[in-house]
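See the structures that follow.
Two complexes follow with subunit A in common, the first pairing it with subunit B and the second with subunit C.
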Partner chain A sequence: MDEKFEQKFKEVVARYCSVKAEDIKNDMSFRDDLGLSSLDLMTFLGDLEDEFDVEFNFGEDESKLSRVSTVESAMELLQEYME
Partner chain B sequence: MNKTYPLTAAQNMHYRWIKEYKTQQVSGLSIVAAFHMDVSISTLKKCIELEKQRYSCLRLRFTKPDENGEIQQYIADYEPEDLEEVDLTGMSLQEADDIMQNWAYQTFDGDDIPMCEFKIVKLPDGYTGFFVHMDHRLNDSVGIAVMATDIMNLYKHFQLGAEYPAPLADFEKVLVSDLEKASNEKRLARAKHFWDEQLDELGEPLYSDIQGKSVLEEARKKHNDPNLRAADIERKELFVAVKDYQLEVDSMQRAINFCLYNQISPTNLILLVIRTYLSKMNDGQEDITVENFISRRSTQDEMTSGGSRVLCFPCRTVISGDTTFIDAARKIQNHQNRVYMYSGYDPEFIRDEMKKRYNTPDDTTYVSVYLTYQPPMNTSDLDPDAKKLRTHIKWFANGAATKKMYLTVSHLPNRKLNFSYHYQTAQLTEKDAELMYYYMMRILFRGIEDPGRTIDEIINMI
Partner chain C sequence: MNKTIYTLWKTCEEKYFELPAVRWLDKKDIQERTYGELAADVKAIRKGFVAEGFSKKQISLIGTSSVEWITAYMAVASTNNTAVPLDSGLPAEDLIDLVSRSDSEGVFLDQKFVSLAEKIRSECPKVRKIWMLSGDKAEGTETVADLVAAGADASDSEEPAEDDICMIVFTSGTTGKSKGVMLTQSNVYCNIEAILYDLDPGLVFMTVLPVHHAFCLSMDWLNGFMMGAVLCINDSLFHMVRNMSIYKPDVMLMVPLMIETIYKRLKSLEGQASPEVLYQKVFGGNMKYVFTGGAHLDPYYIGEFAKDGIEVYEGYGMSECSPVISSNKIGEGKPGSIGRPLPNVEISFENGEILVRGTSVMKGYYKMEKETEETLKDGWLHTGDKGYIDEDGYLFINGRVKNLIILSNGENISPEEIETKLALNDLISEIVVTGEDNLLTARIYPEPETTEKMSKEELQTALQAVLDEYNKAQPTYKQLSRLVIRENPFLKNSSKKIIRHEVLRDEPSA
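What follows is the complex of A and B.
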């Protein structure tokens, strides 16, 4: 994964938790390790749309949303939308 | 004058109500926080004065409206004051509450004036603390809790030698960020697309009333339109009464366990229960809209910056009677997730779009019930002595409701779940609140004991 992308992604994550961007690990769970609620998570996705100029079009497809569970899986999902 | 800024969407919501209802009373927000201990009043005064410096949202003022009725906000410089002390001892706590309730009805009238007022209160039964009354555009209930906690942390520092509390986030920085996000054209377009798509797909919403179909029928007669799908809003008689019901700890825990097990948020579960109640009262109507208040606090800065961050969005549910309880809950949750994603959007744009599309008469609405769910808070932070201490913390209604029925669900320190029904007395009585609570609980427990039951089955059972 591109280092700049990862760094920028983690800087956005860090706005939502008390963990510094450089201390955020890829296997961290948004809910359990970083303490994001479902509202926080959705607001975070809205920020990702702005920062990375993408549009998440989940529609009724909950399975895509459920992939946003760890930092790594969210980065992978974001990259799919960027391609 | 210091730098001025436009209002945020959340502040505009309150300002719009002030203009529509022609009184600032609809934007009042008041609380008393008092402690059963020997409080040093001079130290408490000092802490409140410090708080005004630390928590700059308390210093917000609003300019005179321009020719279009629009106002700006700015953060006034700190001005020290000697806080008023009011002795309410020598009466019952209920009588003291009644006096403070009257303070909560007071309005802040004028431009470029302070919109927040503290009083030191000595209450009966050995309680001492502070009462604060402010305009809702300065702060909201979560922000008030942050403020009260910070004041008590300052008190602990000066009086008990605890560590000086960390600074709070910069309100102005968060305000600027909010305004920037709100004007981001791509974000706006995405949100508009989401809301427009819902109207494209589902068409015009349909009003549903707590009292049943007769309310919409009356509106249809009044407007001479048999196909009208919206009903009238009460604009004149705004007095609101409050009725609270408390769900016992065991029952509350069953509901929370259901949420945890099924990964459904409590807000979405309550929304489902309310919409099912409205469906029952409106002959099984499937298209039901409830307005849900969302407190937009997600980033670390937003948590402690203060400011009014609450917006209300329509939660439109079109759910057929043969849908199971759990599927209905998931459907609402999926929809709400998308609403959260665009929660910086001004909900007035949604109402404007509906007005444009469906040409509804002025002063009508599709919604009779509004919900706020307040997640549990750690109230021990409010304890200035770091021990289990008796507190008297009470929120006071501003006495003027812009909504027919406004339900606040919150967790009490004793772990009970409080259902606070604020209802316009021009339209509703305590009996309506009682019936609503009774049926809501029946729906809730029939649903969670067997989530495979359909909505029709549950309605028939109760």
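What follows is the complex of A and C.
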């Protein structure tokens, strides 16, 4: 994975937790390790759209989107949309 | 003047005719409808009801917040029919059950839930009409335009009486089965009348809560309309923060979870820009008041938001009370309390439990006489919450009598409802659902007979699969996020009932 992409991504994650961007590991869980609430996660996904200039399909993919559990799975999802 | 939604709406139409009533986003463009335009649409639907023979009937609404939804709702609520706003996030089988149990004869359906149409037709024989709120019609449905066309030559519907049932709101119950709270026209009117706070028209509200909630319907929509506000619809929780900078609201009604998320967003930007720029960026630049309820808010946030000039007022209510019981008011709040009782509310206590009497207390639960008698005694509503009033007349909550779990998104979870469903599984002998850190935990004592040959890992996998299967059909807030497998059965009292308050102490994580 592109290093710059990963760094920028983790900076957005860090807005919603007390862990610094550089300490966020790919296998961390948003809920259990980083303490994001379900709404934090949704708002975070909304932020990703602005930061990475993508548009998620919140209508059809809503369940898929609100179920991303780890940092890595969210990065993969975002890359899918960016392609 | 009758205290009905009909008179409320008529007053709005006359006083605010030219003013904007609703704004919403179409892609990224703001659309708008005035009070006059909305009133014309509402009246056209009412005439449709007359032509189609809908008088004193229940009409369900299934959909998320939209101008079409609120137009249909106002049409039903301003007639002698009864609106049944349903939680569109529920599994299909629950929605069908509620349409049936409310004896609805008509259903307004959002395009997103069109797949329900066929099931409603086959499983709810009382339903005569399904009207699509948006999009094309599916088989066996009509559009709102069809309903309006049917009523083109009809006269306007009869005015509702104060005692007519205005809406039935379904709430999760401790007995497992959700109960339909019957609120009369005057119940709802009196609650809104008691919570008005700014009579200068033109306030901008951004509405973010699910529209079927009594809290959102009364405090955002009906209260906003009565004050001549413009209601801006948040299209998705994913975009809540972005939409605040688009609509630039003065007022928002939120559950504590939302306040916590916005606070995190604010903190993360601190130091990057001046406080003025942050206020502009996060809140849109005009935000003055935030009203909150549904769950307890840590007073810490009230102080933090005050630094940005935003006043946060916590209130308290339940659907059974249309829904507001008490609220901190502009200019006179006490952080940590849930405010003083509204002027139309009387409070008393029985063994610490808060009892409420007044003009907003429900008529009863729909077709549930036993549950009604248990909750309403001599006109006093038993809230199930424990609390006290301080020397200044402010109400405080300090516990619950019932077993409801209240998450910080304001959702009330009845653990028994989930337990009853899962206890049917062969692998489960006993189960208790608890809520910690805003997540639900299933605490399971496995059935020894069916699980004795399994290894620890196999048991874990098998039980997790049971939870996954259950979670699939549930809205996010009802999903079980954690599993604790117990080594011993739960502690029981002399009548063999599980002692709930021992559950966490006895085998916290087994």
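The definition used in the following text is that the second predicted complex is superposed on the first by the 76 of 83 C-alpha atoms of A that agree within 3 Å, B and C clash if a C-alpha of one lies under 4 Å from a C-alpha of the other, contacts with A are read in each partner's own complex, and residues count from 1 in each chain.
One rule holds in what follows: a residue touches a chain if its C-beta (ideal position, glycine included) is under 8 Å from a C-beta of that chain, and two chains touch if they have at least 3 such contacts.
These numbers come from a predicted model, not from an experiment.
Using the contact criterion defined above for the overlaid structures, shared-chain residue A:23 touches neither subunit B nor subunit C, since it reaches no partner.
Contact with both subunit B and subunit C is seen for A:38 once the two complexes are overlaid on the shared chain. Of the two partner chains, subunit B is the only one touched by A:53; subunit C is not.
Applying the stated contact rule after C-alpha superposition, one finds that A:15 touches each of subunit B and subunit C. In the superposition on chain A, contact of A:80 is made with neither subunit B nor subunit C. According to the touch criterion, the shared surface of subunit A, contacted by subunit B in one complex and subunit C in the other, consists of residues 15-17, 37-40, 42-43, 45-46, 49-50, 56, 58, 65. For subunit A in complex with subunit B, the touching residues are 15-18, 36-40, 42-46, 49-50, 53, 55-56, 58, 60, 62, 65.
Considering their complex, residues 112, 236-242, 257-258, 260-261, 264-265, 268-269, 408-409, 438-439, 476-477, 481 of subunit C touch subunit A. Within the complex formed with subunit A, the subunit B residues making contact are 181, 184, 186-187, 190, 265, 294, 296, 298-301, 330, 333-334, 337-338, 340-344. Contact residues on subunit A toward subunit C in their complex (touch as defined above): 14-17, 31, 37-40, 42-43, 45-47, 49-50, 56, 58-59, 65-66.
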